[in-house]
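One structure, as structure tokens, below. Some questions next.
Note that the chains are named A, B, C and D in the order they appear, and that numbering of residues resets to 1 at the start of each chain.
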């Protein structure tokens, strides 16, 4: 399998391990990633706050570049990026009158033919292969955390069900983990305020961490770099807010799958986490 | 325009709403111009638009088609069919070059006596201003015998 | 050649003051075909009518035009008079000189000219009139009621007490419908079973009522007064005549863990069962999906136990065809299920229940004998949250309409709960309180003021489970949208009322209209609320729209009155203003080309397909045929037909074009 | 009629501009409060989303002003929880986006929006000059703009050790193109 790849900014910086683990896992599964050449930032949560056209032009440039490279499908592992790309694509479909202005801004033709997929969709296609290649089942209890952007708004992303989604749970089960039943799979972690309102992040993400532990999870599994930053980078603020030392690691789904496939933890970037990926012996081990 | 020109107006009206509405205009003694001649049909759904053309051909200078308001049709959906056919008819007439100011499609309910008088007056004035519809009788007349 | 008489009326001064009637009568003499033209002061008076009748005889008239007031006023009068004078009543037409001329125009030549023109139009019409004869259809004086809820039972009893036969068809094993499941009923809080059961028994024992339970309508042919209805009697797998209802079979059936529909899944039943103890008829049925014998070929315990040898494993469904004069639809509603709500956990929390489940929990005959116990662990709930408008008024994921009954039953539920658990807390999340019936708002106020139910104005965004409690995340819009979180032990969703399963299918079988939500459509929302637009088919209860019991019963009695009214005739007489498809000699047969565009246009499903067969039996062509019993004479089909194969009697193409030619 | 209304006369109220720009009809909101009930930050907002819409529905200048000047609109995370659950399909975050823009345009934005704005401006600057997000640059720039110099200082070295903070920006090749893109969009206003 060969698929276009748009890593997005976080995967070069604060969430390098997501990029590393995605590449490692897909390589192990014989998927060739073709990175979109000279890609730019999608504008994340900032562009649409300040300017609507900008928030469409930035993703449109990425999609147009992919078209030029002859790609029909691109994987955007970051949930925020894939959400922005999908939004822009749909906005242009709904408002063809905007197209001329956007093409002028990006100095390229835009056709809107590229299909955008997230990491869970790609893994789901490979689930039989993953199950077959699993050598070290990840026999832990996990809280699968989808966050906002993978499933919302449903009319844009049209992926899984908007409340209590199941796709990540299915993948986790396939690699031997036991997802816990918890109600906060899609509650907001405070993503957009990671830098500016850490107090809000501490509160919202704190609720997630606290509940995941309460429901017996050994790890929180995520598929979005923003969620990961808030649950990992911001753990100190969370713990301070909750007045508790929560040590439950937050892991990317690709890292979990990578471990199950027997890949080197270092290749998966596990050493880059602020909260060490360690499990107490007593933690609910079962398969 | 000829000051003395008095247009002929033919009105196709349904029995249940507009005919009754026109009756109410009478019982309320509301006056209107006398150019109109009313043809009663059970429902606007009954009106085959060839009849409208025939009326213009036979000397009418203007035509009114009026029935129940949408959703009020005595026969539940007859006027809906009439409206659908009207859209097709209108297209056809436009293509043929018929002046659509000559044909008025309207709704008058059994309670709208004043509305009927107003409709007739408006149409009469408009058609009077347009003058006799002689072109129609020349161009198309022969074709629809 | 026509011999037409014209009778111009002065209507006292009403016409005479503005129209020169004498001149009009003179002018009319010149119209070709008019052999007699007179004017008179009051045509509708006895002497006026007599004058017309004498003229008909004296001048051997074959058609008359009375130029007077609106035909909507006196057409029947003059037609009757003309008929009495020996000509066909439909050879009489009226020109409307009063409402359409004298009253609305000023005195003058133009007005008099218009009067003469109006008469000319109708003279041309009469020349092309055909004698018509009222259509007579016989009436079978047996009604069929489909659906045996409180609505259907009421219809059946009212018709039966009016002296006519009724067949009551119910798809489930017992009549009673939703009302038999209710605990107590608003606004009086009387026990539902206590008021319903006697009526169920009365229906079963009434000499004029035939119950067909566990049966469904398969096919309906014919038209008003003359339907032929085919009913499938599903096999109960026992001989109802032999079964005494002793219940031994039920006691001994080993298959006891089947989820019980009557108790909304909160209890269990056996494979051979009666839905509830007061069921009518009190005869069991075997549930084929769950019976061990039908699954494995072994068991037959019930057969062994039965003292009267009533069990019949080889019994098959039976098709019965009945002659029916009128049909009443009373098939009721269903409730949206709790799994339709993503944000409330897609139905996975056991203690989030719907209104009907609450009724069963509160019912003395229910699975908990009326003791408040929540489904998950049987504990008494200390805090209960009720959520109104669950799925109703929700255009995004539910239905946009208001379900009408839930405001009231939610108040009732909260009240019943408080009566059973005095220390308990009851919260109701609502958007509006719709309590517009007699004693209804007083009832809601009582819940709030006396039973201290807390009403919170806002919708609930999410419910999740934590430490054995249900966390209800709501907001209070009367406090500016302040989030309100309540930890509840049980949540009751007042889920939307929806049209019953397969109601569209049933509507199509009966050729009645239905709305986009599957509720059957009334002929007119205000003036014909119990009729459908198919003559002879009526509606009662929640199959038309969400309804409570008082409204259902009122409408049921209304429908019954319509049926009894219909049955008071030996024959139905109908105006002969109906459409006909022309028929010609072979090999043309008709100008109808069988496109059936007319069929789609007819609002009354009056157009059928008729096969023309050769002597060999081979079908030569399929033509349209109009059923005069169903046709209401709107003429839509006539205008639709491209080959002019259809015409409308009384308003034929010939007549209308003749009228146009006079302009 | 597509707008669902037969009134075509409109005053230039904020509600009217919202409708024109976003296509969302404010009259659809029937004040059920479900948006506020599920909003993760409603309890911190001076004006929860449903109240924002209530005020807009009036079309009166005094309420428009209060909406434009409130803090709540700056706290919206665009998490789409509300719009996903709104029974009337009101696209709430889209409206929030637009109102924030109006608040800035009319110079009415709440004082506490400054930090948030500073961040987004810094973010976009980073993209404008490098094509991608340059995190070190972003944080530095944000601190200068917001004057929160000390915040997060402790975090930076740790991230560096973990290999997560590149000290040099990732530059895309076509930086001229990026500048052009910005000029053609946000630069126009």
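Operating definition for what follows: contacts are C-beta pairs under 8 Å (C-beta built on N, C-alpha and C of every residue); 3 or more make two chains touch, one makes a residue touch a chain.
The shown structure was predicted, so the numbers you read here are calculated from the model rather than taken from an experiment.
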Checklist outcome for this item: At the largest C-alpha centroid distance from chain B we find chain A
Next on the checklist: Nearest whole angstrom, what separates the Cα centre of chain A from the Cα centre of chain D?
Outcome noted: 22
Next on the checklist: Using mean CA coordinates as chain centres, what's the gap between chain A and chain C in Å?
Outcome noted: 54
Checklist entry - Just how far, in Å, is the C-alpha centre of chain C from the one of chain B? => result 36
Next on the checklist: Quick check: how many Å separate the C-alpha centres of chain C and chain D?
Outcome noted: 52
Checklist entry - Among the residues of chain D, which ones contact at least 2 other chains? => result 81
Item to check | For chain B, residues contacting two or more additional chains | outcome: none
Checklist outcome for this item: chain C residues touching 2+ other chains are 343, 462
Item to check | Chains grouped in pairs wherever the two touch, ordered by label | outcome: A-C, A-D, B-C, C-D
Checklist entry - In their shared complex, at which residues does chain B touch chain C? => result 6, 8, 10, 15, 19-20, 22-23, 25-27, 29-34, 37-43, 45-49, 51, 54-55, 58-60, 73-78, 81-82, 85, 117
Checklist entry - What residues of chain A sit close enough to touch chain D in their complex? => result 9-10, 12-16, 38-41, 43-54, 57-58, 61, 101, 104-107, 148, 152-154, 162, 186-188, 190-193, 195-198, 200, 204, 233, 236, 271-274
Checklist entry - Which of the residues in chain A come into contact with chain C in the complex? => result 161-164, 183-184, 211
Checklist outcome for this item: Touching chain D in the complex, chain C uses residues 343, 393-398, 431, 457-462, 473-477, 480-484
Item to check | Contact footprint of chain C on chain D as seen in their complex | outcome: 30-39, 42-43, 47-51, 81-82, 85-89
